[in-house]
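The chains carry the letters A, B, C and D, assigned in the order they are written, with residues numbered from 1 in each.
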């Protein structure tokens, strides 16, 4: 470096300036090279640590939730599963309440085990059981209560990293106690009574909201929709994504679009022995194995996965899934996977890309 | 009229011109004064004439359908229920086929009695049972077949008058015989297997269509959605349109919008003893009583109605409904009404108005 | 006809029913066969009759406008240019006022000759000069005033037939006199000051309206846009619709979409010697020759046309235009045509079709 | 901290987990507390350093551009003006070329001084003069060339930080030399000939693009639009944002929406002596003083600003502007400000908020 160039760079530094030409490789790569790593978290470990937290850490105002977040090893020690997505295990003991609050972060719960807890959203008590998906768009008051005799664990997904980076977040505390009427665990939430009927919209609801008005997507519907697709495939009709691979997207029944403005949620079923073709996409995803076992390849890494395991697919890394019997599991079922991603962000801003080509030899 | 004015008007006539000033009262009234009349057709008479037609008139290529249309007495002898809507009873004998064709007119079937017939739409056999609603957007191939031992009757609704007036219609004949594989009556249509799950969208379907991809809205879902709204009302929660009046709209699950581009379809339930507040709207509707009995007031006319009766509500005429026991009917149920209207036309063009005020004394 | 069939048909008649099978050919043709005729009105005759009306018929409250409408010879004596569109010459003497009113019918003015009149829309005085296009969405108060020493004539286009048939129209009388401040003829309307700058939106306007907020599209812009397209063509670049055929659509600057919810307006320039390829479209159009002369073929009819002439293109009839020197006109310019159509109706309802194929031998 | 808690936290660390309860204050604050600082960069310093870079640093393939970026002092040494926006001065010597490339990052140029350079976008040479705004949506090929005898400097704005964080970016090198035909500086770009006419859309262009098809927003239009608003204000009509404050948004003429999917661009004029009311908004902005001088208050900071100065307004910090004569400037003009922000991101995702209340005493 010449003295003149050195002087120039010092001048830049003094004036809080940085030239493009030294940074362009990092800032404008040929394609996304994610700062996040592909990574797998084992449910067994998560579950164990959540139980220990249940014994030691109370849940209450201030801390708000006994939630333990996946911290991607390549994201600088932040509790971020990906650059945009938060994923945590939340754990609630019998009789415990997680206090009411609201925030602009869009959120959901997905129940991988247990049942009997409910989430009260805007005064509507929503029951939670294995396989249920509960979206909750930003700025809705919500609290949780465990009305059973057993501890319960579920997955929280939010766009905390996205809103934290882009600085759009607001937060308010709600009531410290939720009222008696809201404490009765119903079989269905009121929002399900209004919005949970296929292709039917209640005429009495005239306002619209940013996210889905349906607060619970029950497992029985998801399971049946996937079975139906595979049934069509067996009969020789279109319906699955690819052979042996059925999938549904959770959508807002009032728009047909994504269930939350920033988060896409899907459920995938891969039949025993099937392999999904590699796909890569801009933006990141988190998957949780709901049932079955198999092998998952993300970029250069391959893991064996089983019930409850969570893994991250960073931007533009190809993903392929193989459904197969696990080491200790002899059942004959399919591999069932819950997925959430940040795709709605990229689609809304028209910077979304998907690549279905074989990219074995591509960089 | 002066000779000069007479000469002027003769000049207009010679040149195919008409002045605004003599016509403005008719052309630009203070509010819509419908050319259509409010009118009631009795199901009993319709049913009887359809049966007679079944004995005399064959169904086949050319005539295409044994459909008998409501001809509004104020629409100049045209088979138009309203200026925009066609409503007909269609009647099919055991073993009969209505041949395949397609047209740009948007259509639906609504089954007020019978079961076991199916409509094959684009190769997908859709079963038809009492209470089922089957939308069918324009330009889909379709045929009907009665696979039972009984004659069957249902209601066809189309936008034939709208497309006839505005001249957008195309029509093509299809196959004369539908294939064996399509002749098996399924319990559910393939479109129901793909799209009939609340809030779930099949990832394997990537194209979009002008109308709903869901080809059947089964009665069990409609019935439950209405019961759920009344259940919420009984518990003190919002959900119904007004006290004792539950209602759902049939919507396209891929958009949340109307099931057809030109036709809105709804189902209303008015509990015994309830009265709906008068409402008037631009555009016209056809109602069919699905169950129960009551009194209906449209503008200056009031009728007692019972199962199967059809009536027309012209543009801007106030409608009010009273649910009550009929003369010969002692059941304790509600008054159930199927409705279809041309509202999507007016909403799309931003000329839709609704008036909920009391207009007893208004002209 | 058998006695049984006769009895059946009598039964239908008694009950106000009409069978499909006798009507299907008319109701559901293979393609639109327009009830409207292709027809040409000569500007010379229109102009002459408008002048005579100016001498005899006063303009004022009740008749509202001295407007004389094209009455398509095949539309049953109604003052309708096409099944959906109204087209009239409006004529105002020096100092005359056409009183204020408003209506839901969407409207525009197009000035083929003269200048100096203005239309006051919602208190905004909009000057009118040759070539200017003034859209005016439904339910805006408006009046006209001739502030010059000369009579003035222009074309009014509205969706009167569409709203009359479909029964959505409302009308209100306004003030009998417009105020002094509104009577000063400005060079530009206030709406032009706000919205008449390319690609620039005023931040101070926060509400949206059904039609364009820009109330005047001045000829100088239209002319230049067309010249620019032909200039690009000469340089070998894309820009024109086809060789020698430049065209622009008048659009709402706040949406980029059609200027009115029910009416599309365009301006076409065909260079001397050029021929446009035949196109047919669902829906109807009215054209007015703005300048130049040529030959126009609509379906089986061909006319020589010159400045001011108006003609109708019915649904699905192919149109082709040849630009050529007229009998008495030796100028070397292009053939300039203003066009308006009902295409937004069909596009909004997803029943629009365009056919660019050669259909010489088609029915 | 108890040993048990310590053990728990070590367990979290081992498994790459982080609890919510220790992080919630930072992750979910009551309102956005921006990681970015409000900061001012002086044009004089920027300009001087750019000139020095021009003497020392060549422009060419690899470094791609002689662009020097604002590096917000609170964003960890990254060349990011805000968490989402890149702002740089680009400097090109007479005869120099900046080589062709394309990238998914949305970009624009804004010219604060000089003229005669052009940017070739997809083969269309776009001239650049003081006050011109040149948007350029992602994935368009583009290069720059200085065809004059003077060096030239302008501002580049891009969503580099947003796409870098969220990992959606792609980049490709183009031709090393642009062809002769593209090297002729036109008076207007071809895209201006097609799209630069108010309210007029070329019928020959049938495809749509993610950002504006208009590649230059010339100063003369912007200036006139602002003058027109102030003229309306003087006459007592609505038009300005608030007294003495005119503003326009640069919009895509094919949609009326923001000119780029991720970037909003506006121009504000504050008349001498006027003060704008404090506003705070989610998301961040960069302003550049185009002309005049004044005082700007962002949160707790107040700066005197003059031509060319750039400053950053972080998320949710209130901004107020005072137009006044500067120290060395005796002209009587207004304070003219160019602004760009990331608001379209927040609006698309429905997490945008604006607060016009007085928040002097708020935290």
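The definition used in the following text is that contacts are C-beta pairs under 8 Å (C-beta built on N, C-alpha and C of every residue); 3 or more make two chains touch, one makes a residue touch a chain.
Quick caveat: nothing in here was measured; it's all calculated off a predicted structure.
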Q: Go through the assembly and pull out the chains touching chain A as well as chain B.
A: none
Q. Counting one step for each move to a touching chain, how far apart are chain A and chain C?
A. 2
Q. Taking each chain's centre as its mean C-alpha position, how far apart are chain B and chain D in Å?
A. 53
Q. What whole-number Å value describes the gap between the mean CA coordinates of chain C and chain D?
A. 42
Q.
Using mean CA coordinates as chain centres, what's the gap between chain A and chain D in Å?
A. 33
(Q) If I count partner chains per residue in chain B, which residues reach a count of at least 2? (A) none
Q: If you connect every pair of chains that touch, what shape comes out? Choose line, ring, star, complete or other.
A: ring
Q. Which chains touch which?
A. A-B, A-D, B-C, C-D
(Q) Using the touch definition from the top, list the residues of chain A that touch chain D in their complex. (A) 2, 4-5, 7-8, 11-12, 15-24, 26-32, 34-36, 39, 41, 45-46, 49, 52-53, 55-57, 62-73, 77-79, 83-84, 88, 103-105, 138, 160, 162-172, 210, 261-262, 282-284, 314-316, 342, 344-346, 348-353
Q: Using the touch rule from the top, collect the residues of chain A that touch chain B in their complex.
A: 190, 193-205, 212, 214, 217, 221-222, 224-225, 228-229, 231-232, 237-241, 246-256, 259, 266
